[in-house]
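Letters A, B, C and D name the chains as they come in the text, with residue numbers starting at 1 for each one.
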Amino acid sequence: MSRTKVALLGAGFIADIHVESYHRFVPDAEIVAVFTRKADRAEAFAKKNYIDRWFSDLDQAIAESGCDVVDVCLPNFLHHRTVLTAARAGKHVIIEKPIALNLEEADEMIAACRGANRKLMYAEELCFAPKYERVRKLVNEGAVGKIFQMRQCEKHSGPHSDWFYDVDQSGGGALMDMGCHGIAWFRWMLGGQPKTLSVYAHMQGGLIHQGRTRGEVNSICIVEFESGAIGVAENSWAKQGGMDDRVEVYGDGGVVYADLFLGNSALTYSDKGYGYAMEKAGSTKGWTFTIFEEAFNQGYPQELKHFIECVREDKQPLVTGEDGRAVLEIMNAAYHSARTGQKVRLPFQSKVKRPIELWLG
Amino acid sequence: MSRTKVALLGAGFIADIHVESYHRFVPDAEIVAVFTRKADRAEAFAKKNYIDRWFSDLDQAIAESGCDVVDVCLPNFLHHRTVLTAARAGKHVIIEKPIALNLEEADEMIAACRGANRKLMYAEELCFAPKYERVRKLVNEGAVGKIFQMRQCEKHSGPHSDWFYDVDQSGGGALMDMGCHGIAWFRWMLGGQPKTLSVYAHMQGGLIHQGRTRGEVNSICIVEFESGAIGVAENSWAKQGGMDDRVEVYGDGGVVYADLFLGNSALTYSDKGYGYAMEKAGSTKGWTFTIFEEAFNQGYPQELKHFIECVREDKQPLVTGEDGRAVLEIMNAAYHSARTGQKVRLPFQSKVKRPIELWLG
Amino acid sequence: MSRTKVALLGAGFIADIHVESYHRFVPDAEIVAVFTRKADRAEAFAKKNYIDRWFSDLDQAIAESGCDVVDVCLPNFLHHRTVLTAARAGKHVIIEKPIALNLEEADEMIAACRGANRKLMYAEELCFAPKYERVRKLVNEGAVGKIFQMRQCEKHSGPHSDWFYDVDQSGGGALMDMGCHGIAWFRWMLGGQPKTLSVYAHMQGGLIHQGRTRGEVNSICIVEFESGAIGVAENSWAKQGGMDDRVEVYGDGGVVYADLFLGNSALTYSDKGYGYAMEKAGSTKGWTFTIFEEAFNQGYPQELKHFIECVREDKQPLVTGEDGRAVLEIMNAAYHSARTGQKVRLPFQSKVKRPIELWLG
Amino acid sequence: MSRTKVALLGAGFIADIHVESYHRFVPDAEIVAVFTRKADRAEAFAKKNYIDRWFSDLDQAIAESGCDVVDVCLPNFLHHRTVLTAARAGKHVIIEKPIALNLEEADEMIAACRGANRKLMYAEELCFAPKYERVRKLVNEGAVGKIFQMRQCEKHSGPHSDWFYDVDQSGGGALMDMGCHGIAWFRWMLGGQPKTLSVYAHMQGGLIHQGRTRGEVNSICIVEFESGAIGVAENSWAKQGGMDDRVEVYGDGGVVYADLFLGNSALTYSDKGYGYAMEKAGSTKGWTFTIFEEAFNQGYPQELKHFIECVREDKQPLVTGEDGRAVLEIMNAAYHSARTGQKVRLPFQSKVKRPIELWLG
C-alpha cells in the first residue's frame, strides 16, 4: 500500500515541527508539497526538507500537488478559506488550532468536509502528548477518584510570527493562541464531549507587548462542566524563561501533576552557553532546563500518525472539527466574560467576526 | 528587662505550633498561662509544655494570668469576644486568621484595641515565611520586573477540628480557613495596602466532606488590584497527599516559583513507614515528602518574635487588624461573587453575620 | 523493499520491550519468530504479539525462521553459543548486555560475526536514550567544557527472573547486570573508544537478597580514562522504590544532571492505587512517580531502529561487539579490584569463566 | 544569668556566618571581641557587627577580651597554636573544620583542652543542619531499614580566600576543605563513633585552578565502616553553578534523598538579574535557584547554640575534638590511598606535617 500524500500548507514554526514528525515517526505518510506565500521561502523549505514540490499559490497547492491530505499550518484567518477549498477538492484535512476565526466559519468548514465525505481532524496535540496521555489513563483507572479541578498552563514570552499580534489575522491574543490547548484538554480529560456549563475569564493587555498588539497578553479562564468539575486555563505571552506547559488534576481520591518542559528536562549549567535549551528559552548561559524530543513530548508525531491512520483505515479521528468548534465557542464566551465581568453560560451564540471583539467591544 | 508574658488562648493544632515557636525561637517571651474550655485538656497542655498556669475560663485567663499579651488561637466565632475582653483588660493582642466572622466585629476589635492603646497584630505567617520573604525581597529588588500575576495555593484534605466544619463557628469553609493566607500574601507582595479593585470566586461544596459541612470545600478566587496585577488564590479541603503551600509570581521581567512543603522536603521511600512526614500527609509508607522545621518554614516563630519585639519596643506590627479586616472584606466579596457569578467590586459592604451566608444565601 | 525479518530469541522482560519497540517504532522490521525454551510460553508470547512462528528449540529458531537478523534477549550464559550459531547461519546479530560471560567468548563471538561478514551490534540502549543523547550533544557543543567526572546510577530492587541470581548463568550480580550500562555510557560520552586507564570497585553481597544469590547486590566502580576524566558507576539490586537511572556530567565549564525515571515522571498521589507507575515501583498507593513511554525514554526503539537501518543500508552500528567486550573487560577488572582492594590497570587479561570468580575467588 | 562571652577569631566568610548565627539565634551568647591579622579589617568587622572590641594580635584577643569561649574561624595552619593558647588561658573552644593539619596537632589540642578542663567542640554543621537531622531521625526510626550506602556531595567552584589554595596553610585541597563534612556526617549517621575499616580515594588536581594550587581540586572517597555500610564523599572546587550539598541514604528498607541548596530553593528567572542567589552562584541572570536562610539551613545557628548550651550547662558537645581527629585520620588515609591506588585500612598512622603530602609525595 503506497504512502499517504500530504500537502503541507504553511512553512512557519509549526510546519517545521510537523515535517520533523512525519519524517521521523509517520512512515505511512509522504509530504509531497509545501505551500507558503513567498515563492523563495517555499522553495527553500522544500529543499531543506526533501519535499519534491513547492507552491506559492494556495489553490494550486491543493489542486495540483496530488495530495490525499492537506495539513493546515497557516495563520488563523486563512483556515476557513483553505478548508473549504480542500474539501471541494476532495482532500482530507488536518488543521492546527484554533479551528477558525468564528463559529460560522467553523460550521461551514465542518459542513464542507462532511458534505465531501472527507475527514476533518482538529490537531490538538495535548490529546496525544504521551505524558498527559499517561495522566489520562491513570485517571481513567480511578487513580485520583472523581475529578473536581484541573489546571493547565501554557505560557511563554510571545509567538514567533508577527501575524499573531495582529488581531485581524489571529482573532485574539494569548487565549486564542494557547488557551485553546487547555480548554481542549479539559474536555478530553472529561471524556471528550462533556457538557460545558459556563466560563469566566480575566484578561490583561499590553504588558511586555505594549504597542505591539491589541490582543490579550495574559489570561485566566475558569471553565465549569456539568459534572461540577472546573478547568482553570492560564495562558500568557508575557512569561519569561521559556515555554511552560503543565497540568494539575485534583480528584477526590488523589492528585497528579505533570509538566512537559521543566518536568522532562535535563538540568544544565553552562558558563559559555550552548545552542538550544527549549522553545523560547532565551539565553543558554547559566542554568537552563534542556528539553529533548520536544515534538514527541508534545504529541505532534502521535497526533499526525493517528490522522494518517484514520485516513488509511477510514476511521473517525479522536479529535474532530466539532471539538475545535466547541473550544472556539468556549473561547468566545471567555472573551465576553472578560468584558462583562460575569460568568457566561454555554451554549453561547455570537455573530462577531473575531472572538476578541467580544472583549475589546 | 524581664520577658514578655503571654497568655495562650487555645490548645489545638495551631497552639502547639505557637508553643514550639515561642520556646525555641522567642527568648524574650514567656508563656505564663494557657486557656482551653476543658479543664483537663488545659492542665495536660500546660504540663506537657512547662506552662505554669492553666484556665478553663476565658475571662479569668485574660484577667488573672498576669499576661502582657494574649495570643488568640481560638475558633473563629470566639475571636471578637476575646479581643474585646483582652483590650478592655489592657492586653496586647495577636490573633490567628481570620480576624473575625464579619466586618462589624472586625471594626469593633480594631477600635477596642486602638481605644485601649494596645497593639493588635494579625498573625499572617506567610508574611514571615522565610522562603516567601526571600521571594518578596528579590521581587522588590526588581528581579522579575513589575508583577502582573501571582498564584498562591493552600490545600490539604481538611482541618483537624470539628468546629471548622460547622459554618456557624467558622463562618465559612476552605476559603475562610485558608484563602485568607493567599489574599493577605498578595497584598503583602504589592506593598501592604494596595487598592483592591475586584474579586471573582468559584466554589464547590461537598466533595470528600459531603454531609459533614455546608461550607465550600474547594475554591478559587481571582483578586484584581489597582496596579492591574491579579492574585489567584486556590484553596482546598479536598486535596489528598498532605499540605500544599506554593506561590508563583509573574512579572514582566521574570518569574519565581516557591513551595513550602514539597519544595523543601527530603524525598523518602520507606517500606515500613515512619512517624511523620508533613502536615496531613497520611500514610508514610512508600514515597513521601518529609518536611523539616515545619513551623520555621511557615514563618510562625518569625511572626511571633516580631510581635513580641513590637510590644517590647512599642513598634507598629507589620501586619495589623486593618489588614485582617481588608482580607475579610475581600473574602466577603468572594462569597458574594460565588453566588452571583459576577466579579464583585471593592469596597464591599455587607451586614451578614458570617461570610458564607453570602454564598449559601 | 521488504521488511527486515527478525527472530526474537527470548521471551522475558526485555523481549517484551523489544517487541513493543519494533511494533511501534521500527516499521522496516518484522518479527517473524520467537524462541523460548518452553513451548507453551513461546506459543503464548507469539500469539499475544502477533508473531507468526514460535520455537522452543534455539537452533531451529535460527535456522528455520527465515530471519535476516537475530535479536538475542537470552540469559547471559546462552549468549556465546547463540551468536556463534547465528553467525554460522549467516544472520546479523543484535545482542543484549552483557555481551558474554568472559572475554574469550566475546572474542569468539566477534570473530564469528566478522568471519561470516555479519553485523554484531551491542545493544546499549543508553547510547540511544533521547534525554542522555541530548546531554551528549550539548556536551559535544562545549556546553560544560571538558569533562572531568561523570556519574551514572542504575538501581532497583532486583531482577525479574531467577537466572540472574544464579551466578553460573549470569556471571555476576548487580554490576554485571546493570553496571555495564554506566561503563558503556562513560565510553560513549568520551567519544566511543577512550583509553581506559584503571578501575576501582567496591562490592557488597547479601543485603535484601541474602541467601538468594552469591552475586554482588550493590556496587560502586570508579573508572579512570586517559583524559583524566573519571566515571562513577553505582549499581544496586537493593534500592527500594522503583528504577533509578540518572547521570551527572561535570566539566570545567558547567554541569548537567539528567534522570530517566523520576526526572521524566508525572507525580501522582492515589488513595486507592492504580495499575503501574514504573519498573519495579511496587505499590502505587500514596505518592508515586508515574513514568510514560518507558521504552522510548530508555532508548530501546531508537537502538533497534538504528540496527535495522545498519542492516538494510550496510552501515556499521554505532555500538559494536568490540564495545561490549571493552565493557566486559572493565567489569572483569572491577571484580578483581573488589577482591584486592586495589585500583586495577587496563588492559586486564583474565581466564576466568565468569567475572564474579575474580571477586569471590 | 549573664550571656556567655565569645571571642571570634577570624573575620572571613565563615566568621560572617557565625556572627549572623549568634546574633539572630543564640541569645545566650555575646560576641565580645573579634580578631583578624589586619587591624583595619578587625575594626571594620567589629563596627559593622556591633562588636565592642577588636584585636590584630591573636594572643591578646584570647587573653584580654574577657571571653569565656573562643570560636576559631582561622586558616587551618593556625588551629593548633590557637587552641593551645586558648586552653592554657582557660577558654572553651569551638573550632571550624578541619581540626588541624595533622594528627599530632590534633592530639595535642585535645589533650590541652582536656588538661585545662575546657570543652573542645568540633564545629561540624552538617550534624545540625535541620534537613539532614530530619533525615537522621527518620533513619533512626527505621524508615529505611539498615543503611548499606550513603553519599554526600559538597561541591562548588572554589574557596573565597587565597590561603585555601596554598597547601602549606590549608594542608590539602577540596577533600581537606569539604570532604571533612561528608566523612563526619557518615560517622554521625552511623551513631557517632562507628569503627572505620578502610578508605579509598581518587583525586584530580589542576582543572579550573591550574597553576593556582597544588591541592586536589576534585576528589571522591569511599569510606567503609564495620557495619558493612559505605559512605561515598564527593568533593569539588571545580563545580560550576553554585554550592551543591546533598545526601543520599540507601537502606535495605528504603531510601532518602535530601539537598540543602537546590532542594530548598525558590526557582527564579530574572531578565536583569538580582543581588544574590546562593553561595558562589555567579550571575543571577536567567534561571537561578534562590536559597533562603542559608546559615540556618546549613545548621550553623543550631551548632553554635548547642555549644553555648554545653558551656553554660556543662554538657559534653555532641561533636568533639575526637571526632575531628577521626575525620582527619580518614582524610590522611584517603590521601595515601589516592597516591597508592589501594584501599587503606584504618587505623592509619602518619607522621606527615600536612595530609596532602601523602598524595603528592
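Heads up, the rule we're going with is that a contact is a pair of C-beta atoms (placed from the backbone, for glycine too) under 8 Å apart; a residue touches a chain by one contact, two chains touch by 3 or more.
In this text the structure is predicted, and so the values were computed from the model without any measurement.
When every chain is reduced to the mean of its CA atoms, the largest separation from chain D belongs to A.
Counting C-beta pairs in contact across A-C and across A-B gives the higher total for A-C. Rounded to a whole number, the gap between the C-alpha centres of chain A and chain B is 41 angstrom.
Residue positions of chain A touching 2 or more other chains, listed in rising order: 144, 240-241, 253-255, 269, 271. Those residues of chain D that touch chain B in the complex are listed here as 25, 27-28, 130-131, 133-135, 138, 141-145, 253-258, 263-275, 284, 290-293, 296. Interface residues of chain A facing chain D in the complex, by the touch rule stated above, are 240-241, 269, 271, 282-283, 285-289. Residues 144, 148-149, 198, 200, 202, 204, 207-208, 218, 220, 222, 224, 228, 230, 232, 234, 236, 238-241, 250, 252-255, 341-343 of chain B are the ones touching chain A in the complex.
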